[in-house]
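Structures incoming, each one as structure tokens.
What follows is chain A paired twice: with chain B in the first complex and chain C in the second.
This part shows the complex of A and B:
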């Protein structure tokens, strides 16, 4: 039942209350809905400045966009750090359209490649699998693994092949569920889809698949490249994920990257308290090569699993022999950043302390006339140093630590 | 036939062998053939001696089974010591004979699969495929118990992965997986085909790969619900060409049930299929919805009937019971409103004032009906909903979620005992020099000492020789660069001059040891049961074999001729990790068995 809409049965029978004062946040400045206002002419914003160039206006607009991205959630909540994500790619005919340059599939593949890199950067102990769907069937491109090279290689070779037919979301989700069944319960199970087709050609009832997904506690999120489709949105909403429609290439990248930070854990289910992990030491055979257990090839360097003493080539991985997850301390440290997020810096006007940005050292430019604000500065609430917008974004998205506090 | 003690006959058939009549018996110990009237078998093949079976081609006139067995005194696999027997069924009815023969084929293939040698169960590495080789016999025989392919259209629908002995479907599944996965195929070749690890054991730790492949092949393609538009392609001569494949034909039948009826009635006795489709695409029936001009297309006896049928169907207005329709969808409801307010009745809700559009509208409605039916099936029955249910339905339809304020997500707060510890650890680590020197010496000097060595003062007024530690700096930089370069030089492995056979031996020891360790750890991780304990004990006992092999290899290496003088010690060090792992595994097992005993 929705809140905020008055139940008609409560009112007088004679008068039908036409309630125009709906929920507050959806109203625009004048108190009406977005479609009730006069249409905005977005091209009026761009005006030439004194020298005839529009560069400053363009910079201002891009700054504004970045401002909007700045505000993020910094509450300390439980998040699933060990993630098992299945990426579903649409390889149907609708991905051949050219509304995203050069074609939807090319743009999507570039974004997905960037996403994979960023995902393993921010979640080093998590795993990823890739499934592609076309012609009514689904095919697994890579298995759940923690090595980004596997996935990037598979995308380059296989994902560019011919696009055909219609995608099948049900088949892809079933395959994803079977892949995720192998994942241990202490990790979170997620599915991220990139779809371009408005249809899906399924062999059975997708509502049953939805029930199965909810039972298996799999969270499905989607970025759609065309328009909102009721079935897709319903699946995403009911499993606790997010559904977005991309407006252009940049928007698509932003929306896809929303899936990079770990999602909050919604149900306070009984999660495991202790997880066994191994911290291997480096194997130092500088003179003689020894075989590794993952590829059975000779190599000079590697890591020794603490439980079964077999040599693996790279971290993080699961030991091939005894199955112990092997990580190194920096990997865990990188994952922890999401649990201790850096607070949002507040913009300061007047009352300046530093003469240059504490992060990059650029001297603050003086505004041309007194009434305008100069470059906006942001202050860390703990150490009270000031940073420019670039440093602010860098600190929050990549560093996760304030240089002044550390 | 005289039976051996403890022997029971499973099958008996009349067959010819070497042109003599006789009876073929299959028992639990052997396959035996006795001449008619004789009690002792003239031909006998014990189960252990049985090697290969072959069957005659399906279209062959004679139904034959050829069995190759090793002679009792010959060593297994010795080609000269093998003998072949051929049995021919003489029944008049070939089908019955084939069915009879299949019983024997099934039994013999069970024997081969019980023997966990890879060579006979993988048809790819088997002997030259004769008409109906081993693989075909196995594939034909085994699914006699399972009923055909699963409704999903995949042959792996019923396979239970991990059954011992492996069913024929599982064997096919394994081949599939190997063909798709090059790395796994390489591993399989080096371990199983060379005989180090039995096939079943190899797959027992890799069940998940097989299951994934089975599931992937089980996915079926759903029926496409797109609007069927039979568009012609124009050829140079100006003719139109319509392509009608069986799947297109199926969709046409779904869209137009009258066409299906006409097809069944008329093809093939009255008109040929080609003629049928030709007249279909040129008929008025087909072209009615496609162009504005209703008179396009020719008249045709068959399809005119279809047109009349369809019109008759829709003229019958008393089809639906309007009471049962959902009020929100019932278009006739508007009639109620107009009466009360005094407006004239709604005359716009009449389908297609112009006849030309009528066919299209009907087709569209039928298409939508089909799409919905395929999803809903018989889930939503048309029961008359009670008043409260209707209220709920109306409320659901009028409230739009998008217009509500978004609900805040429920989140679980993070309980961290001592948050400050995370932050303090950040600052202390930056200050103290990491105690990396405790760990094995890596030859890297401490960070600050290196930096101090690199301090150079660039005061050019003084001669270079007195500019601080220039020389020592350069020396230290060069030495570390040199060291890194030597570590990364290519062909380092070839420089050790290890002969090929030793390389292979090392790889084999490593491979065998690793597989066994995988099994052992998989068993150790699960809670101990008597069954698992015995299996683990077996594996640990097998370790000794591998360790012996390793020692042999090392001895071979020390005595081998090679440019590398220290070959023995090199190989020993190469095998060091696997030796350590084996010992660790053994210790873990012993610790576990102590715990269980206590």
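This part shows the complex of A and C:
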């Protein structure tokens, strides 16, 4: 907590908020300035239970945190299912610091790798590009593509070597805008930055870049690894994105993963289109291996583009020859859960119905006392079945299906 | 994701379809199929002492966990001649299925929400199976490789399509294999896709023609993740992942997809018939811009393929 950390998701009482630009300006809860309030100690929240143990309380708090983390907005709003995201990774000298273990760049690379996997799992018909910035320059590691392997490979190859100089946010954003310029109008255009440096070394006026970003409807979000920087925050805020500062490795993962579900469409200019898509047939009956157009490697199996009859090795992707987006029907079905999200479960207090968790069948332990954090149960508002916390998180993050409602 | 080791234990979730009306059409009786399944389960448990088992049964109304059950209300007499674990599993599974089969007839006509006679709550069963797997994998420190075996009897119900796809992709992400054993009736298109996407086997056993279900199970589904890497699985004919359009139910190669609701159409229309969105007809421009970009900027296509694509486009 030594750093000026801020996480808008945590505005409750037991959180020590030492940030001075919180939602309520500089005023605290009781009308005074935040620094006039009594200092809150994080360890005061923890009280011993009857047997003198603090284990149950700590478990209860961590359960609450986990539950809070996954409460999502479930309103049926229009979301940009077809996304174009440019990931900007800071490769400046400041990423060598060891405040995140083992170093900032290593921690960031692990998280970015996980993010890319999750992003393509949840958004199978979306695209991603990766840009790295160091020495006042921006370099495109990968172009917009729908294949996670390309990005992971490029990151593994280039990203953690030669950290040097200062980053240039302006150059990186200009390059990102250039990359996103040819993205079709029906898709969203987003930039996600992972920055460690407190400075940016720019060739021109970054305010003009900000105006250009707004004009091009690019949404910029950032996870900073050190502290809040005015210009970074301003860019995020004015383009409709979010700015976060990561407190630790776990927190960084949560903040980065907030960019995984597609953001709602707020802009009136967003257009809807009919997109031409190809549904290729899997070909595995050939006697002789043939090269694929995406990696030029020999293989027996592949998918044949229905328009130009070239062979690609995995779906979903864009045909490298004719540019037709190639998907399979299950991938479209995979995106439906963003349109019809599962409802958030509510914690049950008293009046229990089921004798065990409806998901994993774990029988509830002794009847939980309302005053203690024994077993938390969560109930689906639609099917009225009860679930344990594990299943609750699993259902909403991985399965996207309520076992009781289907 | 690490590679499976020979010593890693497995978790098998058996999903039994106990839809009485579907089984009535089967050449193989429920009892017979269950006997063979129980032998298979015993063989699985005998392979490795650490192997874990969950048995779920599902019909058109409910989905129950048959094993493991709460030990308190399970009263099974001991038999000194039989290995204790086999006996417990056999007795609980058989009595559980019996209870579900006899209970199903009494409550015909209750609100089963559009599920027709002869269809089963398969997506609920698979969702619960994944919850069980998640719980077991989460609570054990060592690596456990999980798979699901479905003994399927009933037909697909179209309203389950999206929820089944969700479970299939969740399984794929957790590296859970889904094996399907279909004993009679037509092919289940949804379950075929489940096996194909997760890397499991889709087995169609011709019991009327004299094939033994037990033999097929033993030879293909008993192998764990480690062993499957060196075995040659029975091949399936190519599975068609092409989509059918919403307007004419035609199978399409190249379709048009609404960017808002992802409905598939076989021809251009000014308004999406599903979500009533009006389209802005920029399709030609957007697409040519995109493919031009691919030509200019993507470093990958070699000169030859670039020349080819200009040919196709112009």
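Odds and ends about this structure:
Going forward, the second predicted complex is superposed on the first by the 334 of 406 C-alpha atoms of A that agree within 3 Å, B and C clash if a C-alpha of one lies under 4 Å from a C-alpha of the other, contacts with A are read in each partner's own complex, and residues count from 1 in each chain.
Everything that follows uses one rule, which is that contacts are C-beta pairs under 8 Å (C-beta built on N, C-alpha and C of every residue); 3 or more make two chains touch, one makes a residue touch a chain.
Remember, it's a predicted structure, so these values are computed and weren't measured experimentally.
When the two complexes are overlaid on their common chain A, residue A:156 makes contact with neither chain B nor chain C. Once the two complexes are laid over each other on the shared chain, residue contacts for A:278 go to chain C alone; chain B is not touched.
When the two complexes are overlaid on their common chain A, residue A:182 makes contact with chain B and with chain C alike. Once the two complexes are laid over each other on the shared chain, residue contacts for A:403 go to chain C alone; chain B is not touched. When the shared chain is aligned, no partner comes close enough to touch A:66: not chain B, not chain C.
Of the two partner chains placed around the shared chain by superposition, chain C is the only one that A:363 touches, whereas chain B remains out of contact.
Contact with neither chain B nor chain C is seen for A:346 once the two complexes are overlaid on the shared chain. In the superposition on chain A, A:139 makes contact with chain B only, while chain C stays out of contact range.
Of the two partner chains, both chain B and chain C are touched by A:296.
Taken together, the two structures place residues 78, 143, 182, 281-285, 293, 296, 307-308, 310, 320-323, 336, 339-340, 401, 406 of chain A in contact with chain B in one case and with chain C in the other. The touching residues of chain A, counted against chain B in their complex, run 1-5, 22-26, 75-79, 135-140, 143, 165-166, 168, 170-171, 174-175, 178-179, 182, 199, 201-205, 264-266, 268, 281-291, 293, 295-296, 298, 300, 304, 307-311, 320-323, 336, 339-340, 401, 406. Residues 63, 65, 68, 70, 121, 123-124, 127-128, 130-132, 134-135, 138, 160-163, 165-170, 173-174, 193, 197, 238-244, 252-262, 264-265, 268-269, 272, 277-283, 286-287, 289-294, 297-302, 305, 308-309, 312-313 of chain C are the ones that touch chain A when the two sit in their complex.
Considering their complex, residues 78, 81-82, 121, 143, 182-187, 271-285, 293-294, 296, 306-308, 310, 315, 318, 320-324, 328-330, 332-337, 339-340, 356-363, 390-391, 394-395, 398-404, 406 of chain A touch chain C. Remark: chain B residues 183, 187, 190, 208, 211-212, 215-216, 219-226, 375, 377, 395, 399, 401, 403-405, 409-414, 416, 419, 422-423, 426-427, 430, 439-440, 442, 487, 492-493, 496, 506-507, 510-511, 514, 517-518, 521-522, 525, 570, 573-574, 576-578, 580-581, 584-585, 588 touch chain A in the complex.
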